[in-house]
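Chain nomenclature is as follows: A, B, C and D, assigned in order of appearance, with residue numbering initiated at 1 for each chain independently.
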Amino acid sequence: MGEPILQMRNITKRFPGVLANDHIFFDLNRGEIHALLGENGAGKTTLMNIFYGLYQPDEGEIWLNGRRVTIHSPKDAIALGIGMVHQHFTLVPTLSVTENVILGAETGRFGVLDLAQPRQRILAIARDYGLEVDPDALVKDLPVGVQQRVEIIKALYRNAQVLILDEPTAVLTPLEVERLFETLRAMVRRGVSIIFISHKLKEVMAIADRITVLRQGRVVGSTTPAEADEAKLASMMVGRPVMLQVEKLPAQPGEVVLSVRDLRVMSDRRAVAVDGVSFEVRAGEIVGIAGVEGNGQSELVEAITGLRAPVHGTVMLCGQPLPHALPRAAIDAGMSHIPEDRHKYGMVAQQPLAVNLTLSTFHQPPFAQRGLLRWVTIREHARRLIREFDIRAPHELVPIASLSGGNQQKSVVARELSRPLKLLVAAQPTRGVDVGSIEFIHKRIVQARDAGAAVLLVSAELDEIMSLSDRILVMFKGHIVGERDARTATREEIGLLMMGRVKEGAA
Amino acid sequence: MSARRLFWFGSAAPAIASVLLALLLAGLVMVITGSDPIAAYSALVQGAFLRPGTATRPTAFFETLVSATPYLILALGISLGFAAGLFNIGAEGQLYMGALASVSVGFLVKGLPWFIHLPLALAAGVVAGMLWASIAGWLKATREAPEVVTTIMLNYIAYAVVNYMVNGPLRHTGTAPRTPDIEPSAVLPTLLPPPERLHWGLFLAIAAAVGYYFLMNRSTLGLRIRLVGENRHAARYAGINVNQTYLITMALSGALCGLAGAVEVLALYRYLPTEFTVGYGFDSIAVALLGQGNPVGIALAALLFGAMANGAGYMQFSAGVSNYIIAVVQAFIIVFVAAPGIARDLLVSWWARWLPRRAKEGEA
Amino acid sequence: MIESITEVLVRIDYLFLLATALRASTPIVFAALGGIFSERSGVINIALEGMMLTSAYVCYKAAVIFNSPWLGLATGVLSAMVLALLHGVISIRYRTNQVVSGTVLNIFAAGITGFLFRVLGAQESAPYLPNMNMPLVRDLPLLGNQPLLTWVMLLMIALTTFVLFRTRWGLRTRAVGELPRAADTAGVAVNRVRYVNVMIGGMMAGLGGAFFTLHTVSSFTPLMTSGQGFIGLAAMIFGNWTPLPALLAAMLFTVPQALAGQFQMFGVPLPYQLISTLPYVLTIITLAGVVRRSTPPAALGVPYVK
Amino acid sequence: AVPTPSAPAQPQQPGQPAPTEQAAQPAKKIKVGLVTDVGSLDDRSFNASAWEGVQRAVRDFGVEAKAIESKQPTDYIKNIQTFVNEEYDLIITVGFLMGDDTRKAAEMYPNQKFAIVDVGYFGENAPKNVMGLLFAEDQSGFLAGVVAGLMTKSNVVGGVYGLAIPPVCRFRKGYENGVKFVNPNARILGVYQGPADGTPFNNPQWGAARARDQMNEGADVIFSAGGTTGNGGLEEIAKAQGVLGIGVDQDQYYTLSENVRKILLTSAMKRVDQATYLAVKSVVDGAFQGGNRVFDITNDGIGLAPFHELEDKVPQSVRDKLQEVIEGLKNGTIKTGLEGVANPCE
């Protein structure tokens, strides 16, 4: 433990409409694990992207090993011994592990690839740090957890002295998290210094030597696990005491609204993603589906909402079987869907907010008559939702792309809740959204439930599942491996289920 | 509100800049190739707009409208495709099929009053174009075959079919391979006595433009098409049948191209020759790009191209400049339109040198 | 001398047919290879037709001026690469929709070459590139002796395959076309890779264009490439963006074409006007059958923005 | 796509009757306008050759001449009108594509003199102010056929033709009848370019491939009549051994590359330039009158080009037979079989 290897001084970065980093000071000592804690949108990734040369800071200096450096591109960063495991993985699915690892750092004479020798080094690194991986496997065939190992190997292969991990645990089960921590400690022992980004308090407390908290692009303070506790960190992060529990009355489940029978769905890679799943959701209850990302939740949701054709099984809404792969049918039957991928499915970026707020209804009265649009009504409706859901937008005709992430998400939620609905399918409803919006969206979802809608909630955030659901289903490798009553369930047992560990005696 | 200004700064200004820049560069090319751009351009303007009609010659401007008519209709069809993210490079083929169909109806069906025969002949062209384009649309929708390639292939097939029909089954009994003349009842009449050729097709074209405007800005179908074009995944999520939309759009696009073919033959030729257009379908892609999906813009672009096509003859006659220079002008135009950035950067580097001086003059 | 199809089918000299088809495939395959480089790096390239046409003209003109087919070839290929560079600038720098850019450049090329042909004329005839006998296949009656560029085409197929799958450049190209962000974070200059590949594509198209004016006929006429660039694209897609299958796909077009020629020569009682569409019909059908199963580079058509 | 059914024009050919008498300069300068079909002035083909004739007239009679190239078929009438309006004395239109518009124009402007290449108007309502310049392509082809039929050793002769339009069909039929006439049991091969075989009259690759097909079938004399498509055939023949080619329209010895010269047996000529030249001359001499003028063997409108480098390869017997046929065609004792055929293409 000793002298600072990295110092970031007075870093400022602006994006259109956002001050992502506001005069940030951040330093890292050799051989330490320094956690960077902050809410979604706090500016963590941006700060690290600047360090890694993906962005240029508007102001500020970076000092590495006592020398001032300017990092124009990842190339420079790599040359300076910086490695980064990105929040969204940067592996080429169609290439093998080895090819991915050596990409950009290839060896071999006359530009002819040499794969044998790198392969050996990869195996060696894997051994040293407990990162087993088959160097010849295609990345697209690897589970997320293993893909992350490849990312880390990539960094070590380039002899990274400073390793940045951007929310590495988001895609891991509690046990995998433990393994990751082992690996990190092993690296520290070998003198690697680590920046560990997260907004999960427990993990930070467990792994970090130091903790720096970001809020809305500013450093709100630095501390150590010794002198801090979760509650303190939480309020530092959010800026006020947070209530980890959404207050809601106990559910009064009514008749079955959604019933899924023996559903079998293939993934894009033509692998079985959902394997014979059956469950029901009743009116007036929120059923949460917990599970590590990539265990079939996305495909399940797509199958239910008609975006993807299941190869087997039925989806019934209020007793009526829904035709496969026909979103229109689901919508007309009273299903609303907050999609996991907002930008791909949730909105048409360049279209005005007003259009995006009537995306699935513009063709029917009152918004249209005899095939003609009634812009007046469409705009009125938009203005109403903007007020009701407090969407921050100059007016209803701006392209939705010009709104901040949180407000885009609020718009999607507004659209989906503004129709008479029997079933709400909410996939990662609060991803990438600031805490204020999170609470707001949670409240709305509960309201929908109390208004008698059935709600299917899919989230990778265990806390969100725990606090919002009435019933919890856990998905693992395409199966539902357990069901719990939210009032009695504990994080621990859900965590175990997420790894496929079914405890005896559990229902 | 700002919509108008947005149109102006968003699309109109760059388009106009592109045209001016293109004329400039083409002028340079003329100088290099040893001819006089001033003379050429003024002759072009003369031949396209100014020369009055005489007993022996139609009014220049009316002739420009005649040339602009097919451009307008075709460009509307192509723009429709663009809106849905479809690249209908097969306009030429659909034009041919449309012409073939309406001429066939024009001379095979006999003894109908004009108010039935003419619409029938037009409809035949529209339907033919629609069906021909639908092949590509259907392949795109059901088989994901890139229409960029399939429409091109369909062009060659269309040439062959037309050529075969005109040389074989539909050939008239003269020396030149062509169909018989259509019945008078199927003729799309001219608006003025000869030598003027201005015909009702112009109004059909304008009607098409108005229809296009309403479709795109007022109808649910239009919005649906735009949504599919901008983000087909979200469109699907919103319950829009994307493939069906592709099919419909392609069909409509083809319908317009077919109409263009019908108008050309029913109004101007009144029979079908083997070679009845040369690249209208392709030039119209340029017109559509220049028009930037806005019906007014498209109309203006069509007028411009019509003017160039019409003025070219007189330009060659009086200035002796090969009228193929027109192709160069058009080539430059669309390059700048396609990448407004290029035009802008060129102009800016210019301005940069020019503005300060102007500022000084201001002070003085 | 009307004969029935079956009679003709037995009479046809198939080895010869193959040779004809192979030769006719040359420009198509060059276009396909051009497309492969460009699109493997993520840039849709439908401007190949225009690049071939440009090269065809410049090859001719330069060969006449320098009175050397070799200098003609060099200049022509260069001109195609310039056009490719333009495609790069428009679609990489200015991020214009790549299909639009391609279409535009096709129109551009047609316009410019047409004009130059008119003002500079095309009276003189250009010197030819040689035909060549390949050592091993020399003795095969007609397969043995092929235009130089046909051999080059076969060579390029091998070379392209090697470069794409066995070299650093190939690895980077594929990475850039699949997930540019990954390449970027690994220190690869994404847009540089794309520019270079688009220009290699131009080079290939340039070689294809040369075939028209330096092998077949010693003069240029407007639009003489008549859509072969697009057939090359079809071959590329059909060949799933890999060289050798692209050749086979091209043959799928040229064999029927050669066959149609033989049918007419032997007077098969079918309207040759319609028979001559056979290759196009087949191309469409195969495209329709195959695209679903082909997998374009994931980032194809998407400009890279950090 | 532009049909230009023939091969390049060429500057000032030898062996053409150089005009002797110089017409006295008329008081008012005579103006001649030429409108091309969608082919261009230097299409190395019949537009070019028509223009060539006009320019010769300019040199010889000091008339003034201008040309307009049409971009679209719909421009024909417009471009004609441009000349009408400028009171041009003679307007020459080129190609059967312009047949209908020229007739229209002629009816619209009865006092305007027209001449049109490759088109004739028959029947009583044929316009009186148009000189239809027709050619007996069949005779030209017939002569080529005679030579081919006699020169072939393999007894297989071939033909690569452009799109099947009247002039091309007449060339082909005449050629094939010519072969049969001298060599009844020769095998005759021939292909028209299909409308989908690339650009009409402009797909040398296709032409080359078809020539190869025929050589592979044993053809050792091949007639190439199809613009650039045909030229592709000739160039291909030049690459083979012991195969002879026959060109079309002009003496292609002067218009194609050196390699072709050594295998170019002759060319079936169609003197478009001569026709337009004479048309202008008739106006200059004040001798212009409407109706069809057929350019055939009797007035040097068609004929065979010299054998050039192959002179000594052509035996006397062949020359004698050829001479005999020429006489026969002249005095009508020999027929090509296409006399008075309205549509040679069926």
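Assume contacts are C-beta pairs under 8 Å (C-beta built on N, C-alpha and C of every residue); 3 or more make two chains touch, one makes a residue touch a chain.
In this text, all values refer to a predicted model and were calculated from it rather than measured experimentally.
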On the document's contact criterion, could you list the chains that touch subunit A and likewise touch subunit D?
B, C
Hey, how far is the Cα centre of subunit C from the one of subunit D, in Å?
35
With chain centres taken as the means of their Cα atoms, state the distance from subunit B to subunit C in Å.
29
How many angstrom lie between the CA centroids of subunit A and subunit B, rounded to a whole number?
48
Touching at least 2 other chains, the residues of subunit C are 118, 227, 273, 276-277, 280
Shared-interface residues of subunit A (touching two or more other chains) are none
Contacts with 2+ other chains: residues of subunit B
156-157, 160, 163-164, 167, 322, 324
Contact pairs between chains, per stated definition
A-B, A-C, B-C, B-D, C-D
Help me check something: in the complex, which residues belonging to subunit C touch subunit B?
46, 86, 89-90, 93-94, 96, 99-101, 103-105, 107-108, 110-112, 114-115, 118-119, 227, 230-231, 233-234, 237, 271, 273-274, 276-277, 280-281, 283-284, 287-289, 291-292
Subunit B residues touching subunit A - in the complex, by the definition given at the top:
218-221, 223-224, 226-227, 230-231, 233-241
Quick one: which bits of subunit D touch subunit C in the complex? Just the residue numbers, please.
1, 8, 40-44, 187-192, 194-199, 202-210, 212-214, 216-217, 228, 231-232, 235-236, 239, 255-259
Subunit A partner, complex, touching residues on subunit C are 166-172, 174-175, 178-179, 181-189, 298, 306
Provide the residue numbers of subunit B that touch subunit D in the complex, in ascending order.
54, 56-58, 63, 66-67, 156-157, 159-160, 162-164, 167, 171, 173-178, 194-195, 197, 264, 268-269, 271, 273-278, 280, 309-310, 312-314, 316-317, 320, 322-324, 326
